[in-house]
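In what comes next, chain A is part of two complexes: it sits with chain B in the first one and with chain C in the second one.
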Partner chain A sequence: MKQMNGVILATVLGTTAIARAQPAPADPSPPGNSTGSAGDSAGNPAPTGSPAQPAGSTASDPGPLLGGQTDAPADPYAPKSHRREVDRKPINFPEVLTTPTGWLLPAGVLYSNNALDTGGGVTSDNRVGLGDVAEFGIATTDQVRERTTSQDKPEQIQPYVTASFRLGIDENRLFPGEPGVTLGFRKSFERNHHGQKTRIAELTLVASKHLGDRVALHAGGALWDASLQSNATVPGGQDPPQEITLHGHGLKNQVRVFGGFEARPLAKSEILIDLGWAPEFCYQCDTDKIRLRPELSWGVRYEVASFLHIESGVRVPDIGNSNLLDAQIFGQVTFTSFALKSAVESLK
Partner chain B sequence: MHLRIVTLLAIAIALRSAAAEPQGPNATSKTPREATPDQAPGGTREATPPVTPPVAPDEPAERAHEAPPPVTPRATRDATLGSLFRRPFPSSRLFAMPLADVVGAYMLSLSGDGSLLQKPGALTSAGVLAVGFGDIAQLEYRHTEAIGLTGLNAPVPAVGVQLKLPIPEHSGIPAVGIAFRLGVPRSETLDGTTINETVTDLYLVGRLRFASVPWLTMHGGTRISSAKAVPGEALPAEQKTLWLPTAGYEVTMNPTAKIVGEIALAPQFQYAPATELGPAMLAIGHGVLGRLGMRWRVLPAIILDGSLGYQIEDAAPTAGFDAVVSWDIRLGAEVFVPWGALACRAAGVFCD
Partner chain C sequence: MRAVSDPTREGTRPAGNAAGVLPLREGALPVAAIAAFVAMIAVARLAAADPTGSRVLTAPTAWLPRAGEADAMLGIDHRSEGAAVVGYGLGGLAEIELGSETDIRAGTDETERPSPLVLGRAGFRLGARQDTGFTGMPAIVFGVRTTFAAHGHEIHQPRASDAYLVASRDLGVVRLHAGVDALSASASGRRSAAQLRPLAGVELHPPMYPRSTLFGDIAWQPRLDAQAGPQLEWLLGIGVRYQALSWAAVELAVRARQAEDLGASTVMIRLHTALAH
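Moving on, here comes the complex of A and B:
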């Protein structure tokens, strides 16, 4: 019996020694892939939209005889993928709910946010990340409002088409703890509505910072501008109506502070709150023909899939008048895609 | 015993020697051409300090070398089509400002940009077509910056030649380029009056890099501009020579993207039709054009531009920095065509 125990012990020790002598199995996940961890390689927490683990990690496994892990036989004639593996970093969304964040879309990533609200608003925001330092977008917004007199109820002007360009620096890019910072510019195409030509523009500087894995804060300042001009025809010889601009009323009427808060109590769910501003035109008001209204929004973002998020919440278009009857419940769907990035990588 | 110690020492020395050469013998034969992604194919930038992106202190070392600089493949008949478009292609412009660099020999550069937002309903655009010669010159047809009668940045066409002075490049010593552009007349109509505008330029530009800040490139220069406006009616023609400084910078953010800023004075044509208060007036002044944006080399032969722009006119000084409603967003692209290498592959001419 003692001899048998000795044989068993020797066998176990020998097997252990042989096993230790083998090389460690390769990590099947590509570098930079955030799956399985709460953050990327730079230590950033994964806020939202962690991409799915790419399938097919066993397809390239040659099997145990060749040092692999699985018994799946490798097909030597299987077509080889010509596409490079794309570094699918977790996407930090460029907007909280209505206000911009200090985060940018990664290079070549497409983003589309489409929303409906109980006020009859239909909006779409489509963007593309440029070179990890900028993004460009075209959007329609229902935040711009109009009224004829100061006693009228403000109505949405929609569709109000805007283009945006944002430029910035990633979080932790320059030094550890550095917030993500973006300089953004959004400007509308000229809109003719109810005999009035209007335009809006917004220059923003915003910083965003993760506080731990589950919380993020956003704070920024905006320099707003807008113009209003009547389309009314005037008798010959008279000057056309003067264009009224927000910048013509002083800098204090243009500068506003905005911010937002994100918390992720559950792995795929986030609570979002933000405070922003939106312009309102009053065509026949004696003063304040153009003014900015504070807008409060809160809601939840849920990650359905790595490429699909749904958001729902409440937006109070003018928290200054404390009228909750104007509050709108909205629902929106956000798609993100690495298809363009993959195509670019494959061309390289 | 001594034999064992000697053997151990020999093995240790051999191991240290092997470890001291991490990339093999070829590592020492890396040419300066391979050091930077933006070098001219003709090898005129061998002394250029390597451009590396700023890297966060806690960033893994391998992230700083995400994309190794491409090696210029030789233009031969058996070169693959893909490899011909994967060589480093230097650009000869920021957004509107010309650089001291040229596009390179046997190279064609097509670029353009446009804005829909600057004037509602009007697409303003500009373009450059440049053909490189001998690594130090390029012939070009381009739109040069000018502000038109309506106050818009409305570039005027010009044909020209640009030369890069063959000065050996070192850190802190600028590269210098000279460009001459012969203006092609462009017509603008305002209040029924047609005015022919021509701008002929002589550009002196320099590029400066320092080895201590390899991620930063500075550009500066002067544009000596002769602007001429010829009205169709009885007004006399107006001509003026303007000295217009220009400056810009590039900050390399990663191997494929740069943040670029430029500011320049540009000639501005002004026309006021006759009214009860006075006769018609035609004048030539200048305005400030500024752009801040990025250039993304999405593929080695394709660069995408995006920028936001700001304009001050001396004709409308009331619109200041806070008039952001008059800012615009411009998108553009630059495409490089290695026509010499393509001709070599197709017909065996212009080969290396």
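Moving on, here comes the complex of A and C:
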């Protein structure tokens, strides 16, 4: 009997020593997990709590197959989530204020920007990110302006509906330090206004680069085109009014450089500045019936919530003539949504 | 809820005024604007809380509301002309203002006294708080205001816009404001080029009256004349503000214009509130 007691004591001490030498379990066993406290399927004793292993420890062990020390099998009967987690990293916006950036919307992200300004402009820009390499959008713009004679004050033509498609490469995708680059094309639907038929189109190539966490620069070039044709009826036998195009005025009147600047002095607030171009039609001008006017904008983007940004600022439609009277104060609200992306992920 | 300090805005200039007129040369405005931006962005960071109130009485201040803070001003003068302006702090860096005022006067006949013109006005102010870049740095704001609607007058297409750069510093008992304003206006097809004018304001906070503030300012505003075109005239204002509640202040002020005699000065009462969430 004494020999038996000695064996029992040695077994207990040995088992205890082995148990203490086991690594701490990654997580407390969930209730109902048969492999938790009762042991694993091989019959080995389950690790038990030790003084060095307080309950509730959050240390994770990837398991022996991944270089860890323990194997923590998952419950095969646990309910599986049908909703995949979507990577909701911060969105780099596709526009500064009026000019495009070299950043694209992430795949499946919906974007809606709706604006009002003191010039009476009401605009809406709606886009969707396609596969992290492209973006499609439909928008109305109030940037296209008209005047009858060169002495008149330019007025907005609105709504002026455009469709856009942009494709490009993310920042740092090809190599470290690579700027985001997009090639975009925007084209308007034909617009009849004041007896004139007009259209615009814009091809842009733009690069955007973050300089640290708080500053970003944008620079690009645009090739513009536009057309103007009178709707006036002509007597039978005569040719209809000739269409006037911007490309008919030469390439130098079509190509323009634009750029923007972003600074984030506060966590949720950005200062934005950009310089872009917008076409202007002059119906009765002898020359320059179609011109591109420089447009300077500056403002602030404030992140109210992850899905909602408020932007406000000043836009000077023709900064070239230093006309303060044309300055417009604008306010716009931007919504972004991962709903489509989540829905797509859930189908995979 | 919190209280605001002060508000108001505006300025005017007299008919035929020529003294001190500094027409902007072509291209000067964009250069000045870009220079102001660069300076402001360089120092833009969050600093200690500034006083509030976008105006002294007429002259703008460089105080900006905090992010998400809204303020409002309601006023009426002894001629029963009202004013209402609402402002919203955008990210702690800027403020957008929207409202209606009658600070600008207009007339169709030079022999008659100009009458107040009800104008919708919007403004955007972008700046940096005091002590942001270095200790002792004043608060700096670059702002643009413009009209977007006009009612109650026969004058054709009245418009007025201005861009200003103003600095403010809280010295304890005294708060000082100084800046420069470029004003432009048009009426009945006659447009004036942007002209530079100074802005200045002072506020006194007597230590024995912690809830009261004495203030005075000078600013400029266009007067729209259908025949002579837009002209600038100064506005001189003095008043008292009483912080009745933590979120509300009331002020009584008198404002004189360059083209008016002292007896025609305007007496007004204004209520300011500020709400923060």
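Keep in mind that, in the parts below, the second predicted complex is superposed on the first by the 267 of 348 C-alpha atoms of A that agree within 3 Å, B and C clash if a C-alpha of one lies under 4 Å from a C-alpha of the other, contacts with A are read in each partner's own complex, and residues count from 1 in each chain.
Heads up, the rule we're going with is that contacts are C-beta pairs under 8 Å (C-beta built on N, C-alpha and C of every residue); 3 or more make two chains touch, one makes a residue touch a chain.
Since the model is a prediction, treat every value here as computed from it, not as a measurement.
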- Query: Once chain A from each complex is brought into register, does chain C clash with chain B or fit beside it?
  - Reply: fit
- Contacts of A:Ala201 with chain B and chain C, given as first, second, both or neither: first
- Pick one for A:Thr245: touches chain B only (first), chain C only (second), both, or neither. first
- Just chain B (first), just chain C (second), both, or neither: which does A:Gly119 touch? second
- Query: With the two structures laid over each other on chain A, which partner does A:Asn253 touch: chain B (first), chain C (second), both, or neither?
  - Reply: neither
- Query: What is the contact status of A:Phe165 with respect to chain B (first) and chain C (second): first, second, both, or neither?
  - Reply: first
- Query: Which partner does A:Lys268 reach: the first (chain B), the second (chain C), both, or neither?
  - Reply: second
- After superposing the two complexes, the shortest C-alpha distance between chain B and chain C, in Å, is 31
- Message: If we count contacts the way the header does, which residues on chain C are in touch with chain A in the complex?
- Response: 24, 26-30, 33, 37, 40-41, 44-46, 67-68, 90-94, 96, 120, 122-124, 126, 144-148, 159-163, 182-186, 191, 194
- Note on the structure: The answer for chain A against chain B in the complex is residues 31, 41-43, 107-108, 130-134, 136, 163-165, 167, 169, 172-176, 178, 183, 185, 187, 189-190, 197, 199-203, 223-227, 245-247, 251, 254, 344, 347-348
- Query: What residues of chain A sit close enough to touch chain C in their complex?
  - Reply: 118-120, 263, 265-266, 268-271, 273, 296, 298-304, 310, 312-314, 316, 319, 321-325, 327-329, 331
- Within their complex, chain B touches chain A through residues 54, 56-60, 62-63, 86, 116-117, 120-121, 253-254, 256-259, 292-300, 304, 306-308, 319-320, 322-325, 327-329, 331
